[in-house]
Amino acid sequence: LGAPTKARAGQASDDRMVLEGVPGHAGGRLVVALRSEPKTLNPVLAVDEPSREVIRCLSADLIHINRASLKTEPALAKSWNVSRDGRQYTLQLRRGLRFSDGAPFDADDVVFSFQVYLDEKIDSTQRDLLVVGGKPITVVKVDQYTVRFEMAQPYAAAGRLFDGVAILPRHLLEASYKGGGFSEAWNLSMAANQFAGLGPFRLKEYVPGQQVTLERNPYYWKADRAGNPLPYLGEVMFLFVPSEDAQVIRFQAGDTDALSRFSSENFAVLQKQQGTKGYHLDDLGPGLEYNFLFFNLNDLGAKNLPEIAKKQSWFQDLRFRQAVSAAIDRDGIVRLVYGGRATAIWDQVTPGNKLWVDDKIAHPKRSVERARELLQSAGYSWKNGALVDPRGKAVEFSILTSASNAQRTKIATIIQDDLSQLGITVQVVPLDFHAMVDRLQSSYNYEAAVMGLVSGDADPTSEMNVWLSNGETHLWHPNQAKPATPWESEMDGLMEKQLVTLDYAKRKQLYDRVQEIVAEELPVICLVSPNILVGAANRVGNFRPAILVPYALWNIDQLYVQ
Amino acid sequence: MKVESNLNSGRTEPLLRVTGLSQQFVQRRTLSRSKFTVNAFSDVDLALFAGRTLALVGESGAGKSSLARCVALLDQPTAGKIELEGRDLLALGRKALIPIHGQIQMIFQDPTSAMNPSRSAGEIIAEPLVVQGEGTKAQRRERALHLMEQVGLDPRSEGKRPFEFSGGQRQRLAIARGLALGPRVLIFDEVLSNLDALNQSLILRLLADLQRSHSLAYLHVSHDLRLVSEFADDVALMCEGRIVEQQDARKLFESPKHSYTRDLLATVQSVDSILLERSA
Amino acid sequence: MTHRQKLVGALVLLAAFQFLILFAGFFAPYGFAAQDREQPFAAPTTVHFWDTQGHFHLRPFIVDSESSEARVYPVRFFVSGTPYKIAGIIPAQVHLFGVEQPGRIFLMGSDAYGRDQFSRFLFGGQSSMLAGLIAALLSVSIGILVGGIAGYYGGWVDELLMRGGELFLALPWLYLLFAVRAALPLHISQWEVFLLLVSVMGLIGWARPARLIRGVVLSAKQRNFVVAARGFGASDAYLLRRHVLPQTYGVLLTQMTLLIPQYVLAEVTLTFLGLGVGEPLPSWGTQLASLQQFYVLSSYWWMFLPALLLIPLFLVFYAAADALQEIHKTVAL
Amino acid sequence: MRDCWARPVGDCLETLLAVKNLNVAYRSADGSTQVAVENASCEIGAGEVLGLMGESGCGKTSIALALLGLLGAEQAQVSGSIQFRGKELLTMGEREMREIRGSGISMVFQEPGIALNPVMRVREQVAEVIHAHKQMSWEKCQEEAQSALVRVGLPDTPRIFSAYPHQLSGGQRQRVTLAQALACEPALVIADEPTAAVDARSQQELLRLLQQLQREMGIAILMISHSAEVQARLADRLMVMERGRIVEQGRFEELYRRPSHPCTRAMLRAPMAADDAEELDFATVT
Amino acid sequence: MTRYLTRRLAHAALLLLAVSVFSFALLQLAPGDFFAPLKLNPQISARTVEGLRAQYGLDRPWPVRYGHWLRGVFHGDLGPSFAYNSPVAPLLAVRARNTLLLTGTAMLWAWLIAIPLGIVSAVRRGKWSDRAGGVVTSALLTIPDLVLFLAILLLAVRSGWFPTGGMVSTAFGELSGRGRAMDIAYHLFLPALALAIATLPALVRHIRSAMIEVLQAPFIRAARAHGISEYRVLLRYALPVAANPLISLFGFSVATMLSASLLVEVILSWPGIGPLLLEAILAKDVYVVLGTVMLSSVFLVLGNLVADLLLFAVDPRIRMES
């Protein structure tokens, strides 16, 4: 019954999505370097960035966040409407679309995909996003091209949920899903014809350790305004170049066409030759990453860590945290660690997040004097230049950082030097990331740590777990049974509320208050947000990098080479 | 064939007795199949008496050195017994052998390779004393210098390394070292071969004096029959790994029994007779 | 020049170097942690004797051209500055030379935090030399012991020890380092952490020297002079000590001269894996480790200066080992 | 220096090697030098056997090494003049010298135990010498080597040929070095105690071999030996050294009968003159 | 000989077993597992992380996991890679081949360069050429490998003579058989050279020191006395006697065939085991690490066995005790 309809829909070219932008030339190859190999091409299982980077080129989602505007736009769903209570989303799918192997796409694929994502046995990391109000979203096929999603509670940013949830080809994956072999499905040892997706490209060849080559998907569903089918590029090649420096060098040598995720120092090096070599660089300003210092505020009663517990009396003292914040030279960090290509911040929302940034937050200058005053008012004093607390104990603590992240270690070193001017002795303890996570999340055996978080999305909903007191990544004191402090309790309320509020202005008000609390109570002392730096060969057309991942290749379907 | 030894009839017990001693070498290479078995010597009986010198004479390759090494407890024989005053030495453990080594000393045929090239002459001579824990450092040095003098080496050269000596000097160095401990049994393996006539007699006289004063037993491997006739009390003749004749020296030179012995003695000529022959 | 003289010469040079390092506080104009955030990656300061008019000044001076109007700071000697401790005990604050604040003299340029590379080099020597020596000595001495015994006794002892060595070589020790680092208490000082890690590395590095030595010993114990010494009743320990192991001198010394630089620089790899010396503690390894960043390598030539200074140092080690080997000449027979 | 210089016997013999005022001084580790040979001069004619005797340590080996240019500059200081077939050896280049070594002048080393490569089979060691001087395939060299070994009286067994030096007896090793020295029919053989380690019978055989080579091929020999009998058998002329100097030189028989220098007397006569040895008359023993 | 070999192989099997047990234990020593970093992702719940851990059995005690792994090994299964969702063995196989190509070439070059260099500096000991060699080796020792490789990469870029990484050109697919071989050789040159240069100083110094000792031996003088050409004296007479420590080193060369090139591979993006291993180490993808460790152990055992056999073969005085 479905087949003839589908065949007819195949000719319905009106369902193609038409993109604005400069029409480009068809053909050519774009070469990009990846820091490591993709581990799998299975969108359900991929947890690492390189895999996702490749998968993004191979697949498509229902509703997409436009990286340039940071707003949602139609993708496989050409339109959608929301029920009045905000709990039902009905999506109209584009008709006549085909997977890259030529098989038709319809609502069954969508239902299948969400079934897989939501399957508890598969432990997809995306599942957690699709659980709203404690209950998984339900998916109902209304007709062949209509699906309805239902949520347990209204969800403010529901449209954004669909971004990155790649729609899977039921005809290829259902067997392995039913047969229980899904966890190994679509790993890279499979032949190229076993894969299919709705993305602009499809897999051509994978050479272990060396490269993945993608070729143009002839069935892709977008076209430019002149009516030419997209994508323009004939091939995309991902080379595996394991070190950043090697990536930079190869980009400079013209081996690769685009570059993102590199340090400001390398930016400076590349900048020197920008004029003579055939590439250009872009500093997109602050992204969504925020780096911060936080203290261990956990309830250590059960953990038997008396040494740290004693120090918590400092950490829990707001004036102590304020003093530390006042003493930190954020500008110094910006200059020394990021060569000026970063922005000092005082709360978690970076200036890059134009929709949510709160302009009212104060940006006090660094002031050691103020820090001293604060400490003095809290009863601290100085003995031989060393800070001692009211009980006469010298103030010293350690800062954990991830050893593999040079920047954060550098930040910690600068903080160490800054605080030494307050008479505080700080040890910087760089640990292997796993060991650090173990301390932060399980043993709570740490005093302070420098960390960074980068939101996958500009919207505050992606940060629920950080700011809710019972959140697992409520870093300074996760998984609280009930809020430990009044301000945490207020924050809980605000976060819950903004989640179900549908009006942007109201949400913004609520979230601004959260930012204020963070800036006032300093559970995390926000420090800097690095700028997003990208580079591309001059021959790449339509290159429009954005501050949301993937910074450079988000519009790969529109890129072309001259 | 085994030669009945008539040496010990009517004499005291031997200091060192060797019975039925044999040794076999297997010569092979790691990465090849070829494998040769060499019988260095077999079924050897010997007796060394205090105050007497037994000369071991024989063809080149007859097994003299191998035998000497076994008797000096430096190599494991394949079969047989070595007894020092009735004590079976081969049955002893490593520890127990240490003092025994002080009583049996051997001087190698290849003196140079038997000296640590990075030690000085003085150290080399004093080494046995160090090993056996005899004397203080000063005493040992004094003894070393004295020994150097005795074997005709300039004590001033105590600081030289073995390779800075001439061949004969190294040989004397080895002799001095062999004497250092004052052993009761001394085994010489061709120690005079590289020495000139003067030094030979110097050494021989020294050895004779020592033997007389301390009633030492000597086993002297040599091929120089003229010298053998000078210093040996008894002579054993070795041929192809076996002792073919064992005799009182004088008797042997007067009436050699074995044809090999006779052959050997026939080669000995005085300078005069050689010159006579040449001018003929 | 005889080998002894060469050795003495090398040792004197080494001692001089040690002296510089030991009194780093005096010779260095600044403390190792003193940051000048205005001047990251400053090029080495040129010390002038002639002023712009071409007049010669006995007292050298430097010119600060960074600030708006160029200022001249004369170099002063025996100035008092950052307090430090001589040999870690006696407090002092006299420095050999320095310039008046806010002028800065960076003889070898400054690093990413604007810290004086020269001062850090001197202070860094304290930990690096110690670490290099300790680790190399640990590896080599365990190597001698194990290799010597295995080669000398042969048979099952050899099998056991060598298989043990292989086991050691095969294990993923990096995880031990990770584990050690992760298990250490938070408040143990960077210095102790560093020494501990280096010692662990030294401890697990024995297998290689052990095998080298064992090979030589297998052959060395068959030398006639070893047999001869056994003939005096020498015990195994004596033979090993006096005759067998000395024949491995050449290999040992070569190993030492290779291992010391290797361990001094081990931190570079450790840093690569995030296990290096914690800031702000200086060490040669971390100074060189910054070179592994492409931008440093390609932009700041003076960051090579520490490496350049290490070349003669390692050469001196090399020369000393060479002379020792010559003095201890063992003729292979 | 007392000049003991004497012309070689038959003036008809062409001079093969002429040594003039040769000095050898060893350098020791502490920088001092020790003179081992002082102003030594001598000549050897083609096909002549020159005996060299002297007390242990008087410098015989040093002369031999100097003749072959084997004393490196860092080891010893060598001065004077050595002319071989009219060519000066001391100033000769390493390459030319190599041509002469082994095929022009060859040497039998005093201590074969340390003169042989411990990790090379003896047949190969001899073959190497042949290979160095004759244009022959390696297989051919090995065969030659084998016959050279047999010629010096080693048993003709693969066991011996494929043995390493430490698997041979002292006498066997000495024969190997002799085989090496004779392998390329050199014009002059310097034999440093070539028979010290072999038994009397073998010694006679070896000396006969040398004699035969000398007669048939005109090989000249510088025979270093402390044994008067050995010298008597071969030497045409004898040269006697004492503490680095040549003290006497002349026809063997003359020196034997009428030694003018006490040292000569001691070297040649001492065993006879020794008080108790006189009783033994070997003529009667034989 | 056969007996010796069988005994050694039996020991090797035991060794491999021990290596696997200890490695497995060591891998558990450092806190945190592969999935731990996911815990810090605000968008992934602890339940999911636990689920993933359970999927790979990481919730069970390590002896149980070890037993499971060992059973798998006997069936040719080296366990799963967490990151790749696939069995380890095929992951390793391709990359091991590439690594061996690289290290094999580099080792060959290193030895071929080091032997003459070491010999020459031993022969010309104290002369300027030897001194210059000393300076160069010291310099190479002061420059960390990582920096050396980066510098070489930089050279490749600036000069444009060499490819800047990878094993084949992007146009590899279109080449003929010969062209492909040439292409690989062209890409191989730089990393192999870099690795060879990095291993060179140690080899040269060992060779030099061993040769110096041997060149003083009297048999060398004797060989010269027989007019044997200098290069034959050095190569046929001296080198085999000096070979002892070099053979042990050679054994190590073989033993480290799989691991020596880690840094080069990372910097010059050679598709070998290095990048995989480094990533696996940092990510705690334990079975990949374990697989590599086991594979390297096999090489270690082989290398040492070869070294021992060579040792016995080259020096007849060493008795093979069997």
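To keep things simple, chains are lettered A, B, C, D and E as they appear, and every chain counts its residues starting from 1.
Here is the rule we use: a contact is a pair of C-beta atoms (placed from the backbone, for glycine too) under 8 Å apart; a residue touches a chain by one contact, two chains touch by 3 or more.
In this text the structure is predicted, and so the values were computed from the model without any measurement.
Enquirer: Just how many steps, at minimum, does a route from chain D to chain E need if it may pass only between touching chains?
Expert: Counted as steps through touching chains, the separation is 1.
Enquirer: On a CA-centroid basis, which chain has its centre farthest from chain B's?
Expert: Farthest by centroid: A.
Enquirer: Mean of the CA atoms for each chain, then the mean for all of them together: which chain is nearest?
Expert: E
Enquirer: Based only on mean CA positions, could you tell me how far chain A sits from chain D in angstrom?
Expert: Computed value for the inter-centroid distance: 89 Å.
Enquirer: Could you state the distance in Å from the CA-based centre of chain B to that of chain E?
Expert: Using C-alpha averages as centres, the distance is 53 Å.
Enquirer: With chain centres defined as C-alpha means, what is the inter-centre distance between chain C and chain D in Å?
Expert: Distance between chain centres, rounded to whole Å: 54 Å.
Enquirer: For chain B and chain D, let me know how many angstrom lie between their CA-based centres, rounded off.
Expert: 26
Enquirer: Residue numbers in chain B touching 2 or more other chains?
Expert: In chain B, residues 29, 110, 112-113, 161, 163 touch at least two other chains, as defined above.
Enquirer: Could you pull out the residues of chain C that touch at least 2 other chains?
Expert: 178, 182, 273, 292, 294, 298, 329-331, 333, in rising order.
Enquirer: Listing for chain E: what residues touch at least two other chains?
Expert: 30-31, 150, 154, 217-219, 241, 282, 315-317
Enquirer: Which bits of chain C are touching chain A when the two form their complex?
Expert: Per the touch definition, chain C meets chain A at residues 33, 35, 37, 40, 112-114, 178, 181-182, 186-187, 189-190, 273-276, 278-280, 292-296, 298-299.
Enquirer: Which residues of chain C touch chain B in the complex?
Expert: 223-225, 227-236, 238, 242-243, 246, 328-331, 333
Enquirer: Using the touch rule from the top, collect the residues of chain B that touch chain C in their complex.
Expert: By the definition above, chain B touches chain C via 72-74, 94, 97-102, 105-106, 108, 110, 113-118, 127-128, 131-132, 161, 163, 181.
Enquirer: In their shared complex, at which residues does chain A touch chain C?
Expert: 244-245, 248-249, 263, 265-266, 268-269, 307, 329, 332, 335-336, 396, 398, 400, 402-404, 409-410, 412-414, 416-417, 420, 427-432, 435, 438, 445-447
Enquirer: Using the touch rule from the top, collect the residues of chain E that touch chain A in their complex.
Expert: Touch list, chain E to chain A: 30-33, 36-46, 48, 51-52, 55, 81, 83-86, 90-91, 94-95, 98, 150, 153-154, 157, 160, 164-168, 170, 173, 265-269, 271-272, 274-276, 278-279, 282, 284.
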